[in-house]
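Across the two complexes that follow, subunit A remains constant while its partner is subunit B and subsequently subunit C.
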Partner chain A sequence: MKLSLSRRTLLSGAIAGTVLLGLPACSSAVGQQGSGEVEKGGTFTGGISTDLVPANFFTNSNAGVTTVIGLTYESLVSYPVDRLEPKPKLAESWTVSPDGRTVTLRLRDDVKFHTGRPFTSQDVAFSLRTYADPKWNGQLKSTAQAIESIGTDQPHTAVLKLKHPLGNLFDLLEIVPIVDEKTFSGVGDGSRYVGTGPFKFEKWTPNARLRFVKNPDYWVPERPYLDAVDISVVTDATALTNRLRSGQIDYAYGIGYHDIERLEKTGRFGKIQLAGAENQIYVGTNVTAEGLSDVRVRKAIAHALDRDRIIAEVFRGSGYPADLPWPKTSPAYDAKLNTTYRRDLAKAKALLADYGKKVPTLTYSYASPVPQYEATAQIVQANLKEIGIEVKLEPLDPPTFVAQLIGGKFKGLWTTYHSWAQYTPSTLTVSAYPFNALKNTSHYSSPAYTKNAEAAWKQTKGDSAEAKQAYAALSRDLLDGLFLIEIGIVEQRWAVSDKVKGVGYTKRSELVLTDARLTG
Partner chain B sequence: MTDIALKAGKAPRVRRGALTHGRGLAGLVLVGVVVAAGLLAPLLTPYTPQQQIPGANLLGASGGHPFGTDEVNRDVFTRVLHGVRVDLAVCLLAVPFGALLGGLAGLLAGRSGIADVFTQRAFDVVLAFPPVILGIAVTAVLGPGVLPVVCVVIAAEVPLFGRLVRTATLKVRELPYVDAAETMGASRTWVLRKHVVPNILDAVIVQLALSASVAVFIVSAMNFIGIGVRPPAPSLGGVLADAMGQLGSNNLYAVGPLLVIVVLVLGFQLIAQALLASRRGGAR
Partner chain C sequence: MTSYLLRRLPSLAVVLAVSSVLIFGLLRLVPGDPAVTLAGANATPDAVAAIRHELGLDRPVAGQYLHWLAGLVTLDLGRSHIVGGGIGSLVGSALGYTLLLTASALLLAVVAALVLGTLWAGTRRPWVDHLLTGANTLAIAVPTFVLGVALALLFGVVFPVLPTGGVPREGLLADPGITAQYLLLPTICLALPVGGVLTRYLAESLRTELAQPYVVTALAAGISRRRVLVRHALRNVLPTSLTVLGLQTGAVLGGAVLIEFTFSWPGIGMLIERAITGRDYPVVQVLLMLSVTIFVVLQLLTDAAHALLDPRIRLGGTR
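Let's turn to the complex of A and B:
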């Protein structure tokens, strides 16, 4: 008998197999530490350095939020961490119209919220509309606002009508957690988080801990293995390291790179390198400030930076230098363009000589106390001194720093991480505060940049040849305008003990414990 | 003891030579060594405090780097020595200034009832705030830097010196010869200048030494929590704070500045104790 399999059958089978195996594609089953006998059940204990901020629920801005979302919620689709290929999650399948303006999502019919209420297309509509509300500061709110209507006539089919094609629509569908309308008021004050994920939120004790218990009705068979998850909030990195070292916790998010290296040397701990969920460390410039308003000065700064040293010493090699925001997994990554501003002090000095005026002392802001920012700022300060630019460091407390970042209040230079470049490139240029073509922290505006950002955003397919051309144009705009000077791509690291295995993460650095187990 | 001496009509005096032996000498040597190291820093180390040495990332202690190097490749020993300069400069500026202001407030309080009530309540308010909490509040207004540190040290010293001078002034003014001088028509200013100030000077000197040790602690604490001297300028508390994240790499990174702070505080304490003992009549 001849066995004939169509491509569709194979694909369907693969998807079904994936679901049956209970391996949600959003997470990478990494952290395969643990040599003892694997057990079911038990309580996973961990520690994070930043507490939950309920108002930042949709901003993906700290470990508290990403822990809650990773354990409690799910999205419509998920990306594997190393590529931008949407995989089924709460949406089983989807179709996109040829003009790219209608997206039909077929939803799973076996999913329930933690309250027992079935998940339907109404929940998709509520979640996307809530995300689009400016009140929540979702980074992709402009993309969510470009959804004209959401058809919910059928309980398990959602039809998205778009104002224009969106090359990054699946980024939005991957990022937005599906929330429960009936209990959503509890999200605002941190009292209740009801999703469809593998763990049910039990309690948040501010500045102390987050507690989750297994969702016994989770739609993936036999998952999760763990009975409960207990996450402590430990703001001091040294104390967090000591808790891990002493066996009080088995997972830590917020430990310094050096400390993780030292833990690894003991043989009892391993690291999870968050490849595919990269952050970028950069030097931002206020292009209205004296000196920085001239692109020659900004280019001189770019040529003066010792990126290799910063990546090697501050981030212990957990990343690579870059002149553009795109990580190697991005469709916009271009190795040649990425070395446009290699360290060249002679060139930097020549650019300053061409500028012809003395650059005034520049104020350089960063959030404190964050050792990586402080060390980076001091190295950059020394680099700029080499070309005759004096810099005055201005450490700011984190809330002040964020307020200045969002409000565009920096006096001169600043350093922090940005994210979102691991997604479709247009997501960065229409969403992230530092890059938003319409309004950014640098006060930079350029008709070409705005036009190219818009063109990249409105691509029908985010990975098409046309889209890649649009990304290349964006890259050139970023290099020519240079309002934001990249230092490098940084992969964060988590530390885990050898007692756990199967710890995973999403492209947004959310903790995934669907497949996690404890070893005996 | 001070009260007894005052009742006998004579203020106790710091004896000459209080710092030439015993704990006085020990304190003087400890402080002297640290001060000398700070002053001679450029001669004792080939590096500048902000010099980033290529490839010297978080090195352990060695002959070339007695306290190792930090996370941006600077020599920790050099930064500690230069940090001594910064910390001592703040102390030497703020403590005498606080003593002067406090002393004047104390003298004023001793002159009239209204002034006394006003200054006493003002001292109560300032003393209600622990110095570091006061520092955080001052920094919120002035912004971080050396200025808030100086302000906090001054604020911490003013009530101490104010109360000391007020009490001593009231007691001296009750002495028979002061009473006689006033009866003979001496003005209050003359009495303060000729009788009160000379009699309280020794108590102020003892308090100065004690306050210097407190000031070292306050300055270090404020720099440690990041509201004092701005990076990359070195300070003892700042270097110690930077070291906390690197304890596993290089222990002397933290031990070095901590040792200097301990030596300075201990040295000033020993000097104060020796001066006090000397006033009380010869305890060693």
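Let's turn to the complex of A and C:
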């Protein structure tokens, strides 16, 4: 007994000793993490669920890209998140000629790139031309391609000559980050990001982290407050939540709606709801499929959808039901038109009775595993069963889903998000493929829709009475044609700890930390 | 042994060549390609065509294969389409993380198996036996994805003494003490099931060995039980245990994928998961080729180590 005990003591002592070896002797990894306790300076730590994809630099499509652009780059003008009113940024002021085809931008003369090189009109020309290159897949490349020439005779004046008036030119100027031509090759492989923004890009470690340090020569005086920004890539949503709860990070982009609710209940965390940077969730239809080719069937589906339930249950109330893509912040928003297809099972059944034939079982595709799509698809399936339409769910892995979406290969219905309705309304119809008037996933075409989309694009004053009429015509086309059945407008949520203040965002969900501070 | 290894080389080359064709061909049969992944849900078909051209995916498949093969032979691994950057540095960095994690997990598993396996076989106290049986069953039965989340919650959130995941901010080499703390939870998680299997195997073999007549003789001659166990029996069961260790190394590498995901450890598992989901052809190809090579080499090494440990084994009949 004695021998055994002493052996056991020795053993457990040895194991405990090994485990504890590093702990008291050296500094603690837990103590090192977190954002620190100072008002000015300090390192802001955050986590994102999707890593940077360098080839997607101009597409605004994932958290890695929006983090880099939001911290490192600036554009010529900026919109407040709730209005489409251009405010000066790198361009101090601008004039538009009466025919709408010449735009003169006066640029700030006190701005330098992170390499120390002064910012000039040449950089404006390079950035806009690069954005127009199809290989970068910029969402507004058709707008950028409609710029005929860019005059750069004077270093601080850029003169844009347009092929025709453009209703969404300022959207383009708001979206395109001004890049440095000399180091641009580094953007393609993720090695160098040189902009004019408040933070300098330091290093990207794929699948692990992004690091930024303060730009001491930033043109806005006394900004930014922070010394450095450290963003970890945490692809697993549970792991991301745990990081936030353990205090390792103070900001998280990619936590589910339910988890954010639970975090809020602890009292130590809050949410930032990205109003003004909305996404839309919708049910798409292939209008060449049997049954769906009749608009009465599509209208019956629209009347059967329980939009309130989807917004409340799947998105925990972070948004509102909609029949049209336009969010409340859009000049095209019309509360009356937006409730055209209220849930009304009797009406839906009447429409189907009018159609007369039996609707065949519809295949319903969505990307998997994405919890929001799965939950939405199940609710829609139940809704359609109520009016006697059978639906077969078809989960697809994301690349297959996108390949079918772009190729127009869906057999019946599908669900995903679309975006770009938070900008000038014409931006949606000329840029988002599901809405493209000439060629779209639904195989829908209508001369009236094509004409009205083109007319809306050429409105020079995006919020004039004439423009609003053009948008209303477009909205009615969308409601009558009903090739995409909107479910609702969704606002994403970020989770933040109570240790950080002043975290901002843009209409493209980019992280803005110019005014951010750490508090104890 | 050198000539044995040399004679194995041609068959190794054939295995690698066949797998390169299979890997390249099968990947292209999967629906969706990197251009589509990059284009995203709002893109137009001409944007996809432009990206496909940019990536060289519009060239004939045979030409693409030969180009890739030529690159492999000259050790130019190419560039990643989706993850971004040179594949050499991507794989190199990820491999470093994975090797560190698997090596520490194997070390922990081997040490645990040697100590606990010997104790388990040697004990004559029922409660020690029951305790070890229970712990061993749990270690093997609890899936790593459950254990990972449980450990992260317990030691990261409830008792915040260790990081819940990630890697040191200043890099692995900046402060070994900090690195060890980041490494501890994923290592335990990865080592536990493997350690369990090894412990059980070792204990079982030891018990068989202890029933041998020479043990009875030795005990009768007055040699202490502990000495017989450690000096004689353990020595005899080590070679066969090594084969089990070789097999379990494969399991550790496989298990690392899940552990890396749970603890956001940027190793090969994370890289391959992202590359497959994004249809990042060049990265997946290189990683699959790498795993084929590693398994083939591991098998060779196990054979060689066997010969070193057990004097009765002669590889390929040579002396």
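To be clear about the criterion, the second predicted complex is superposed on the first by the 482 of 520 C-alpha atoms of A that agree within 3 Å, B and C clash if a C-alpha of one lies under 4 Å from a C-alpha of the other, contacts with A are read in each partner's own complex, and residues count from 1 in each chain.
One rule holds in what follows: a residue touches a chain if its C-beta (ideal position, glycine included) is under 8 Å from a C-beta of that chain, and two chains touch if they have at least 3 such contacts.
What you see is a predicted model; the values in this text were computed from it and never measured.
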{"item": "First, second, both or neither for A:A432, with subunit B first and subunit C second", "value": "second"}
{"item": "Touching partner for A:H418 - first (subunit B), second (subunit C), both, neither", "value": "second"}
{"item": "Contacts of A:L393 with subunit B and subunit C, given as first, second, both or neither", "value": "first"}
{"item": "First (subunit B), second (subunit C), both or neither touched by A:D230", "value": "second"}
{"item": "First (subunit B), second (subunit C), both or neither touched by A:T238", "value": "both"}
{"item": "Touching partner for A:A55 - first (subunit B), second (subunit C), both, neither", "value": "second"}
{"item": "Partner with the higher number of touched subunit A residues, subunit C or subunit B", "value": "C"}
{"item": "Contact residues common to both interfaces of subunit A (with subunit B and with subunit C)", "value": "238"}
{"item": "Touching residues (chain side subunit A, partner subunit B) in the complex", "value": "237-238, 241, 256, 258-259, 262, 313-314, 368-369, 371, 374-375, 377-379, 381-382, 393-395"}
{"item": "Residue ranges of subunit A in contact with subunit C within the complex", "value": "4, 11, 19, 21-23, 25-30, 32-33, 51-56, 59, 61, 133-135, 137, 139, 141, 188-191, 205-209, 230, 232-236, 238-239, 242-243, 245-248, 397-400, 402-403, 405-407, 416-420, 431-434, 436, 439"}
{"item": "Subunit A contact footprint on subunit B (complex, rising order)", "value": "50, 52, 57-58, 71-73, 144, 226, 230-232, 241-242, 244-249"}
{"item": "Touch list for subunit C against partner subunit A, complex", "value": "31-33, 36-48, 50-51, 53-54, 79, 81-86, 90, 93-94, 115, 119, 123, 125, 128, 149, 152-153, 156-157, 160-169, 175-178, 180-182, 184, 261-264, 266, 270-271, 273-274, 277-279"}
